[in-house]
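Two complexes follow with subunit A in common, the first pairing it with subunit B and the second with subunit C.
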Partner chain A sequence: MKGYKRYFLKKLLWFVITLIAAVILNFVLPRLMPSDPIATITNRITEGMNNQNAVMQIYREYARKFGTDQPMWKQFLIYVGNLLKGDMGVSFQQYPRKVTDIVAASVVWTIALQLPAILVGWMIGNLLGALAAYIRKGFDKVLVPVSLFVSGLPAFGLAVTLLVVFGITLKWLPISGGYSYDLLPSFSWRFIKSVIVHYQMPFWSIVLIAIGGQAIGMRSMSIYELNADYVKYSRFLGVKDMKVVGYVFRNAMLPQVTGLALSIGTMIGGALVAETIFSYPGLGSTILSGISSADYPLISGVTLIITIMVLTMSFAIEMLYGVIDPRVKAAQSD
Partner chain B sequence: MAKIMLDVKDLSTKYITRFREDVYAVDRVSFQVEEGKSLGIAGESGCGKSTLALSLMGYYFAPLHYMSGSIKIEDREITSMTPDDVRKNILGTEIAYIPQAAMNALNPTQKIIRFIEDVIQAHDPSKTRKDIRDMARQRFEVLNLPADVLDKHAVELSGGMKQRTVIAISTILSPKVLIADEPSSALDVTSQKMVIKMIFDLMHDGFIRSMIFITHELPLLYNVTDDIAVMYAGQFVETGSAEQTVFDPIHPYSRGLMHSIIVPEAGTRDQKLEAIPGTPPNLKNPPDGCRFAERCKFASPQCCASDIAFSTIGGGRGYRCIYSEDRLKEVYAHA
Partner chain C sequence: MKNTLRQILHARNFMIGFITIMIILFAVSIYPLFNQGSPLDMIGLGTFFKPGTYISMYDAVETAPTYTLRLDGAAAKRVEAKLPQADRESMKRWLVAYGIPDEAVNTDDLNDLLNLWNNTYDPDARPAGLTSAFRKSVARIDTVLAGLLESLDVRVYTEEPESGEMRETAQIKDNQYINVSEVVNTRQLWLGTDNFGRDAFKELLAATGVSLKIGLIAGVIATVLGLLLGLVSGFVGGIVDDIIMFFANLFTVIPGFVLLILISYSIGQEQRGATVVAAVIGCTSWVWTTRSVRAQTLSLRNRDHVNLSRLSGHSLPRILITDILPYIASYVVMALILQICSGILAEAQLSMLGLGPKTTETPTLGLMMFWGMTYAAHQNGAWWAYFPVILMIALVSFSLNLMNTGLDQVFNPQLRS
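So, the complex of A and B:
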């Protein structure tokens, strides 16, 4: 157990180092973009004014407020200081809204869309893959090509196809937004119904692609495990077939758990496509609007949240892996 | 007259490949094993030894298929039983198996005790976890295995320990017949000795009542089993006591097999080793007549003409050759 503790501490140390590196990059990279967001804001506010002095005054006032007149290293220290207090600064574009408020409002949408979609896709995919390996015959012959086809589709291609077929041609589902424009977020029946209806297309566009990839992986892992020596041995000792299938399923699942961690890690990449195409009010849409207006604090805030989510997920999976696979635990303790 | 534990008559099984071809891996094999006795099965790789081991359990799944013949365990015919009946009432309790690759025979993500629970509850669902733990602990103690193995995973055990654990699990329900398929082939000599001693202790203590031991190492068989059967291309070509088969083989193949072994003793350096030329026939289309004829120094045209019967002579001996025993002895004397 001592070895495992050391492994845990080592991983934790790496977690912290990666996080620090990510914070620095999240701060620096947006600010290297060739544009002056303060000028953009000043232009917007002073439209129609022709007093140059007053415009300069306003520009300087904003620069002072946002801290962009300070040298970069000083800005960074202020940023980190604020971050430790849980403050990500104020958005340039949506001034005076706080970045934390904007992120909090959109992260809920993204998680509510992506997490169930990835989990559902993962579970259905693994179930189908395991069944295909166990049943073989016709079921396998249909599942493999269909899965290959679906998993090979680019995310935007599938999303646009769904949008055209169900949204425009059949008019079954709304084509954009998280809920109807004429509604305000509330706990009314109408609002919830609207959210569920708007949820369908982005959800299935993610689920379908996830199913394909997972099913193929699970199928080949299960076929491999079904031929393992322990399967034959267990059967010849009279162990019930369902129990043996249970062993096979568990062992075939191990690489799939890594697959799940990876897809949760890339959750935001997937979010960007689905959320952009369906104008879904999540992190993807938020970061996209932040980038188009060089909104440094907003970009840094969203990327930081993404980084933390990915890091936490992979850390959790690495820890969990030792629990579900004794071989990994043995290797971890070395 | 000792009780006959396993009585096999004319057992034939085949593999059906994924190209729908039949491979006749076990062809009309007959033998008996008496209580307290052990039968060794010898033969080169691919002769059907391991397939025979799997065929004896009356539980077939693709690509192995039963064709004909009878298997009786203490007068109980098992080939006519349903697969689930065999699973529940025969496997593990009447006939048990130690696989060739014991190294990988244990599920890597399961504790040993959990697997033992699954094995025992598959036959007797009324046993509680506590009963099973007590039972396993007791048996491990008798076999000189540390009891803490029960709460370990397979990765935490050494090769020899894994092999001995597998043997303990296979025999935990005290089967009447134990089939050991090369249980020691992947081990060094010291572990090999421990494993073989363990199997014989099991027999001595009455946890198993008869045994079939499969190996390609003839010196090992001679030292450990009472009788030896020599297998070639899916058929038994000779059976007899270990002493007779090793030192006085009748069939030309057995003779060739015995002559191809070096025993590390004084004078071995100068001994000439005889090899059997050629390779075994393809069992998809086994040749007519004697299957060994093609490689046999003493073959004549009649050997390939028609099927050769297995002739039994006195004292439990038998062989499959067109020539009589006396004729063969004469031929060997001139060779």
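So, the complex of A and C:
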């Protein structure tokens, strides 16, 4: 147990360091951009005004309100202080709505969509990959090219294809949004049904992409394991085939778990773009609207939340990995 | 070396992927020779023209010589094009109400229907169960039919510029034809036009070229950075290794996609050319290569031949290049292919969020997709504006992945069946 504790503390330290780095990057990068968002807002509000003094006054007022007249380091301190209080500033585009509110409204949708989709895709993919390695022959010949093709597709490409086939041509499923326009979020049966119907296409487009990538990785891993000495030895001893396959599957799974921890960021990135195709009310659509209206508090808020999501997920997976792989514990207790 | 090359040439997966990429590259470089002009020219005034051959009406009238062809069913086709299914259904409804049995009326066979109609229709009849509005609409269809069946010549008149007098310049009979190859101005739009009125096929090929270039630049930058950092980090070790690995670990966990969004956004729309986007993608995706190259260098650094070089006093770059690089070269090539592939996908995803290269400068696959989606091509049934783009991305990345698996099978014999 002592070894695991050290493993845990080390991972936790890394979690904190990356979080700090992410916060710094999130603060600095958007502020390097050439255009002045305060000027944009001022222009919008003072449209038709021709008194230059008044316009200047309004500009200064906004600069003071958003804190852009302060030096960079002071802005950073204010930013971190506010973050700790759970305040990510005010959106420029949807002024005076708070970024925290906008992000909180959309992050639920994204987590509810992507977490199950990625996990389901990962599990099905691993199963198919292991089967392909075990059966070989015909199944393998079909699965490998299909997986290669699907995993090479961008998530949004598959999303558009599904949308056109099932939403527009066959008219089986609704083509946009997270629920019907005529409903308000509530715990009524009608609302839940509408959410489930709207959930299908975004969900499957993410699952299918995840299956492709995972199946290929799992297949190679399983083939390596099937050729390992312990497999040959067990077969010599006459151990039942199913039991050997069980061992092989478990051993091949371990790198796949790390693989999931490492690739979860990429997967979420692709899935966010797929969300925008369906106008799903998640983070993807929020960041798209933030980008199109040069709303930097919103962009920085969303990217920070995505980073925290990814960090937490890979942290959780690594914790799990420490539990299921005895070698990690052994290595740490040395 | 020779043996490896031969093995690669015999790997079926690799060759299929390689040949597909070569065909795409060939098409991308050859097509502009046949179809001059910038792919960004907005030739169509309007959005999403359908794919097909476009013939100048003006020139078609003026084209000489004309040929007379007697083709069966030409008149029927003309009627068919002007008589939509809805009108036929109305005719059928009238006929059935008039007393014709339902199975005797066939809306698919136009000749049959027209014969039946001409024999039965009586404008003054008032079949039971039909509203007067419907009877009037059927009467209108009948008038149209009467006009369609008489084949009057089309006469073309030109206005005299001075007197303003109209002068007949041509008289076109219904069996008069011209040869398309003799019309001066025709344009083959294989994939119609996009939302800006650009030739979508031409744009697609140009965009594929640019996207491949973006992928290549991003891939080369990522691989070179990753290789250098990985080699140095693995071979030198110590504090250098610690520093490099600190950043590598940091950027493994911070998703590259978030960095891409933040950096691309900070650069601003004005400065974002294709090359800049490629460089940004390359600079955010070196981490994987660094990690694997470092791991492999670590396992090589204490081999006897490396120690011998070190004892002989060879310089660091020389040891890295002659003693370590050859052992990981196959891996580096495979990593490069994957990086090119993910570079193309990354550009497409960035563009979909509106952070791609400047639209007015270059077409890219991602930008074509972005504009297609922005103008709701999928809801307007304009499949040519987005589907070929998805297909092209899929084809390119599939071929690159196939090349990679092929190489994998050559270098890792265990994977061969």
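Convention: the second predicted complex is superposed on the first by the 283 of 334 C-alpha atoms of A that agree within 3 Å, B and C clash if a C-alpha of one lies under 4 Å from a C-alpha of the other, contacts with A are read in each partner's own complex, and residues count from 1 in each chain.
Criterion: a contact is a pair of C-beta atoms (placed from the backbone, for glycine too) under 8 Å apart; a residue touches a chain by one contact, two chains touch by 3 or more.
Keep in mind it's a predicted model, so treat the numbers as computed, not measured.
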| item | value |
| --- | --- |
| Subunit B or subunit C, by number of subunit A residues touched | C |
| Which of subunit B and subunit C A:Lys232 touches, first, second, both or neither | first |
| First, second, both or neither for A:Ala316, with subunit B first and subunit C second | neither |
| First, second, both or neither for A:Arg250, with subunit B first and subunit C second | first |
| First, second, both or neither for A:Val16, with subunit B first and subunit C second | neither |
| Partner chain(s) touched by A:Ser151 [first = subunit B, second = subunit C, both, neither] | second |
| Which superposed partner A:Ile196 touches (first subunit B, second subunit C, both, neither) | neither |
| Touched partner set for A:Ile175, first subunit B, second subunit C, both or neither | second |
| Subunit B to subunit A touching residues, read off their complex | 54, 57, 59, 61, 87-88, 90-93, 96-97, 99, 101, 104-110, 115, 118-119, 122-123, 153, 155-156, 166, 169-170 |
| Residues of subunit A touching subunit C in the complex | 14, 17-18, 21-22, 25-26, 29-35, 136, 140, 144-145, 148-149, 151-154, 156-157, 160-161, 163-164, 168, 175, 216, 220, 223-224, 227, 262, 265-266, 268-270, 272-273, 276-277, 287-288, 291-292, 296, 299-300, 303, 306-307, 310-311, 314 |
| Of subunit A, residues touching subunit B in the complex | 228-230, 232-240, 243, 247, 250-251, 254, 324-327, 330 |
| Residues on subunit C engaged by subunit A in the complex (per definition of touch) | 249-250, 252-259, 261-263, 265-268, 270-271, 341, 345, 348-349, 352-355, 369, 373, 378-379, 381, 383, 386-387, 390, 393-394, 397-398, 400-402, 405, 408, 414-415, 417 |
